[in-house]
Structure formats: C-alpha cells, structure tokens
C-alpha cells in the first residue's frame, strides 16, 4: 500500500503543480497529458520500431560483449601468469569512459547501427570481463583440490568445478552489463543520432513536443526496469545455491 | 538498588502459533549482589535478559528497577553481550569505545576522562587505549566491553554469557577480574551463564531455570567464603556439593510438555 | 629475483602495446589512426597546459559539483530509507523506476529546465550518480550488525545521534563502494552532457575535433580522458584505503576468528 502511495502521491503532486502553473505547463506538461500521449503511442508502428531499434543495439552489443569477455575472463582468471601480464593494461583501460570513443566511433562506423553496436559492446566488455575473472579466482581452492585428488584433468575441473562456481559472478556481470548496455545504446542515439528511442526523444524535444518527450523518457525508464528485473531474477536463480549471498546494488 | 521480576511472562507471536518462552518467573535481585542465572540450552535465558534490560517488552507481569517499571533500557543499567566482537564499534579506538556512552551524560570533560582511564586501568588495558578493538584478542575485547560498562557508572550490570566465547584459560582470568571489579565498584551484577562451575564460583545466589516454557526451578544460595580463589575455593567440599546440586537441578527439570 | 620477474611480466604487455601501436601507426597512413608521435605532440600542445583552464577546469568543476550533490543526497536519503521501514515501503517503487532511467535520456529534459549552461550538466551528473550511492547506503544500513544496534540502545543513545555516530560509520564501507561506482559514472555523464550541448569542456573539445577532422587533437582528448579516469579512480582507492583502514582490520580479524 505504501508503495503505491509512494508512486501516486508524487505523480498527483506534479499534476497539480503543472495544472496550477506553479511549474510552467509548456515545459512541464501535466502528468495526465503525457501519460495520454504515451498510450496514444502504443498502437503507432514508429514507436515500436524505435523501441525495437534500441533493444536491438542493447541485445546485440550485450551478446557480443559476453562472447568476447566471458571466455577471455575465464582464461585470464585461470592462469596466474596471464592475469599478471594483463592486469595493468586492463586496469588502465577500464576507467576510460566508453563515451570518449564516441567521436572515433562516428569516424569509423558512421552514424548508424554499427556505431551503436561498437559503443555498447566496448562498454559491456569490462564489467563482464572483470566479473568472469573474479568468479574464476574466487573458486574455493579446497573444491578444486578435491577434484584434483579424484583424478580430474584440467579441462574437466574447469567445466565441473570452476564454471559452476563462477556462474553467479557471471550472472551479476550480466545484470551490471545490461544496464550499461541500455545507457550506451540510448547515448549513441541521443548524441550521434543513431535511430532509436534516444534520437526520438531528441527530435521530440527540439520540435517542442514536450509531452512526447516525457512519454518517451518514461518508456526508457520502463524498459530499464523490465530489463533490470529480468536479470535480477536470473541472477537470483544462479545465486540460489551459492554461499556468498550478498545483496549487490546495481552499478 | 533492587531489581524485581514479578510474574514475568514472554511469548513470541500471536494466537495459536504463539511460543511461550517464559511462562511465569518471579525473583528479586538484592543490592550489590552477584546474582547468577543458569539453565539448560533453549530455556530463554537470553529472552529473560532482554526483557530485564528493556530491549524486549514482557507479555505479562513486570520488571521493576527500584520500584519503577522497565519498558526501555533503564538509565542505571549497563549490559555486556556475549558477542564482544560485534558490540564494540570497529571504527573507534578502545578509549573512544569506552567513552562513547558517556557523551550522552553531559559530564565535565575531565570527569569523563578520569572515568575512562579508571575503567581501563581496572580491566588492565591502560596500555591499549589507543588500539583498535580488532587488534586485540577475544579476551581483551571483552575486557573493553566491561570497561565501557564500568565507565558508565551503572548501578546494575547485566551480563549475557560474557565469557562463553573465550578459551578456558582466559575465562578464569576474566572471572577473577570481574569479581575484583565487582568489589571495587560496588555494583550489582546479574550474570547469565550456561557454565555451572562459573555460576557457583562467582555467585551469591543462583537462579536455576527450567526449559521452555520457563519457570523457576530452584534458587540456590552459595555460602562459599569470599574472596573466591580459582584453586582454593574449588577444592572445598562445599563447592562440589553446590555444583552437584545445581547440576541435578538442571537435569531434573522436566523437558517441555 | 622473483619480484623482478613479476614486475617484468606486468610491464611486458603494456610496453608491447605502446611500441606496437607506435610502430604500426607511424607507417600505416590510416586517417583515423594517426602516428602515435603526432598524438603525443598534440597532447602536449593542448593539455600541457594551454587548454587546462579553458576546458579541463570547467569540466572538472561540473563533474565534482554533480558528484558532491549525488553523494550527499544519496547518503542522507539512503540512511533514512534504510533505517525506517515505512519510508522503505513508500520509496521502493519510485526508486526502482527512477533509477532505471538511463541518465543520458534526461538530458533533453535537463536542457529544457535549466537551459544550455553548466547547470543542466550538473543536474544530469547528480541525477545519474545518486543511485549507486543511495542503493549502497541502503544496503549498508540494512546490513548493520544487530548487536551494534542493541549496544547503542542499551546505552540509551538518542535515535538521531545513533544515525550519525553508529549507523553512518557502520554503513560507510558500502557507501564508499557506491561512491567509487558513482565516480566513474560522473566522468561518463560529464562527457556525454558536454558532447550534447556545450561551449567548452573536454567532451566538447573531442567532438569538435572530430567534426573538424582534427584527428590527432581528438585522440589527445581521448587520451586525457583515459588518464583522468585512471587518476581519479586511483586517487579514490587510496583515499578509501586510508579512511577505511579500520574496516579491513575488523574484517581480517573476523575471518581469523571464524577459521
């Protein structure tokens, strides 16, 4: 009950503030107005194509990043020498904001889908890589030794002991990377103009259609919530058996 | 300073699913007494302690301190928990930990400082005032918790199995330390323990509890001479007799219906 | 001997990358990847120290202002939400929704509200960075050992005082974790908001360079951002290390006791 009140009360307040012109109603249209616009968008094919374009970038980038980062992370995490050799470069590259690459991406990939794919992938590699490395490094050495004592070879140990133990970390990495992916997808649309929700928001804003702008921002938020909850559930499943149950706030 | 429990009962939950932890308990702790409470595991010792210290509300009956009902932690009471590691604030040094409860009392600065240094001296930790708790051993950490309680100048000190988590050697030292501190500071001590030897060694009177739903099984008076000594007192035939008495009392207590 | 070998191992890859990049770019004649020497020259010309006051300082000012607001707001609200169940129930759904809005999406709204200037950038940075701090603060409060709280209660410490002298320090390790995440997010949002609408700043400079095809300049800006990100992170880690020394000590001894 309190939760619903938590949502309803601010919305009602905003509605009142706008209707009574406490906030100028051109820039801050009443909640009811842009909610209506949101519902009006639902049957429009252009709306859904924008949503799908954003999701397309999100999904493709996330998948590509996972394909690159997870195996690499497992290899690096498993080998002490590899980790030592690569630690400095990846620790240096990691804090580089992926958005710094936007101009380079524009030069190399233009202003369409490949640009978005590049940015999303680059940004998502880091959380996935580090989570995979930590996951492998955090395997209980006693478990590994037990498997070794029973005569399991290196590859078998990897598949039967290391990977299952690292899975919760990778699941967390997917959740973190998922929100990063959405941010970068939308950013490339906003800043570069690659088609999608972000560019639609920009167009609405510069065209003065503010109700539409708010409606689309809300849609982006809803998208974020849904994706986040999906991955949180996946992570919860993967973590169910794991003894280290810590609650992780999203990055 | 008298603590009274008057037909105290404590139940968890409501209606049919309620668990009765304490059924009916009445007793009185006299001024400056060393009062021990023992009982089998799961008899609600900790529940009783939380009711006495005002951390939990009783379901019926009342706890009185100097005639006034206890509904919240009383001003004149200090508590020492079993898990010393988790009751000391890790971001504060030893002296800061001891000083912390005093800040609320609005005493002049030099009075506070002398209380802190006296308390630390009483437990033998003057040299460790500027250490952090986690740099000390378990026994020393518990001594810090005791010092903190002493500096607070309570009239009654309530202790929940405070020496259960330290090794036997340290435990003997801590027991003797507590006895000397009790004499010096003229406090009343309410001491909960599962260790029968400890209760007989330290106490003036021992309250033996039954398992849940808990009632009073027996009140045992300990007539051993003071000051107590780890070797001499425990060699006395009276000690063995009391010990056996308490042990039988605990064993005899019927298990829950 | 082993330490020397470890050190060499750690340096061999970065050195190799730099040398390889330098050699390749010098002969590649690739427009997008000018010779490393050109980039370094451009870096020296731009950032040592010609453009520091015109671009670096404004960028950092915005970033730090937004970050500071986010840290204070996130900590205060996190403490409140974490401590009181009613507040948690009420705040739950709106927080879940608002935090999932990708911060860049708020830029058009921010420009609308604050106009094109430093304020909208500070707003976007604050609006994005508050969530990691807030969520970690809530987790930090929820995770406080009940024995600590019972201790504060038996010594009759007033509730408000408890918030500052017990809850806040106890939750500070988690809050610091959130602050670290928020720091890299602050850098990102600063760059994005400058690329979107600005007249100065590092992000603006990089985009302008790209648009006017001043490629070595563009790369020099990217290099600067990388250095900034690295330095800020390293600085924060060091600060955290000092302030949270007590936490590491306590954890270490707790692990020993459990063993």
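To keep things simple, chains are lettered A, B and C as they appear, and every chain counts its residues starting from 1.
Going forward, a residue touches a chain if its C-beta (ideal position, glycine included) is under 8 Å from a C-beta of that chain, and two chains touch if they have at least 3 such contacts.
Bear in mind that the values here come from a model prediction, so they are computed numbers and not experimental data.
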| item | value |
| --- | --- |
| Chain contact graph, described as a line, ring, star, complete graph or other shape | line |
| Chain whose mean Cα position lies farthest from subunit C | B |
| Chain closest to the middle [Cα centroid of all protein chains] | C |
| Pair of chains whose C-beta contact count is the highest in the structure | A-C |
| Centre distance in Å when subunit B and subunit C are each reduced to the mean of their C-alpha atoms | 48 |
| Whole-Å separation of chain centres (CA-atom averages), subunit A against subunit B | 53 |
| Distance between the centres, which are taken as Cα means, of subunit C and subunit A, whole angstrom | 17 |
| Residues within subunit A bordering two or more other chains | none |
| Complex contact set, residues of subunit B against subunit C | 53-55, 72-73, 75, 77-79, 81, 83, 85-87, 89-91, 100-101, 104, 132-135, 138, 152 |
| Complex contacts: residues of subunit C adjacent to subunit A | 6, 9-14, 17, 32, 86, 89-94, 96-109, 111-113, 131-132, 135-136, 138-139, 142-143, 174, 178, 181, 184-185, 187-188, 191-192, 195-196, 203, 206-207, 209-210, 215, 218-219, 221-222, 225-226, 229-230, 232-233 |
| Contact footprint of subunit C on subunit A as seen in their complex | 1-7, 10, 27, 81, 84-89, 92-93, 95-104, 106-108, 179, 182-183, 186-187, 190-191, 197-198, 201-202, 204-206, 210, 213-214, 217, 220-225, 227-228, 247, 249-251 |
| List of subunit C residues in touch with subunit B within their complex | 145, 147-148, 150-151, 153-158, 161, 165-166, 169-170, 172, 246-247, 249-250, 252-254, 257 |
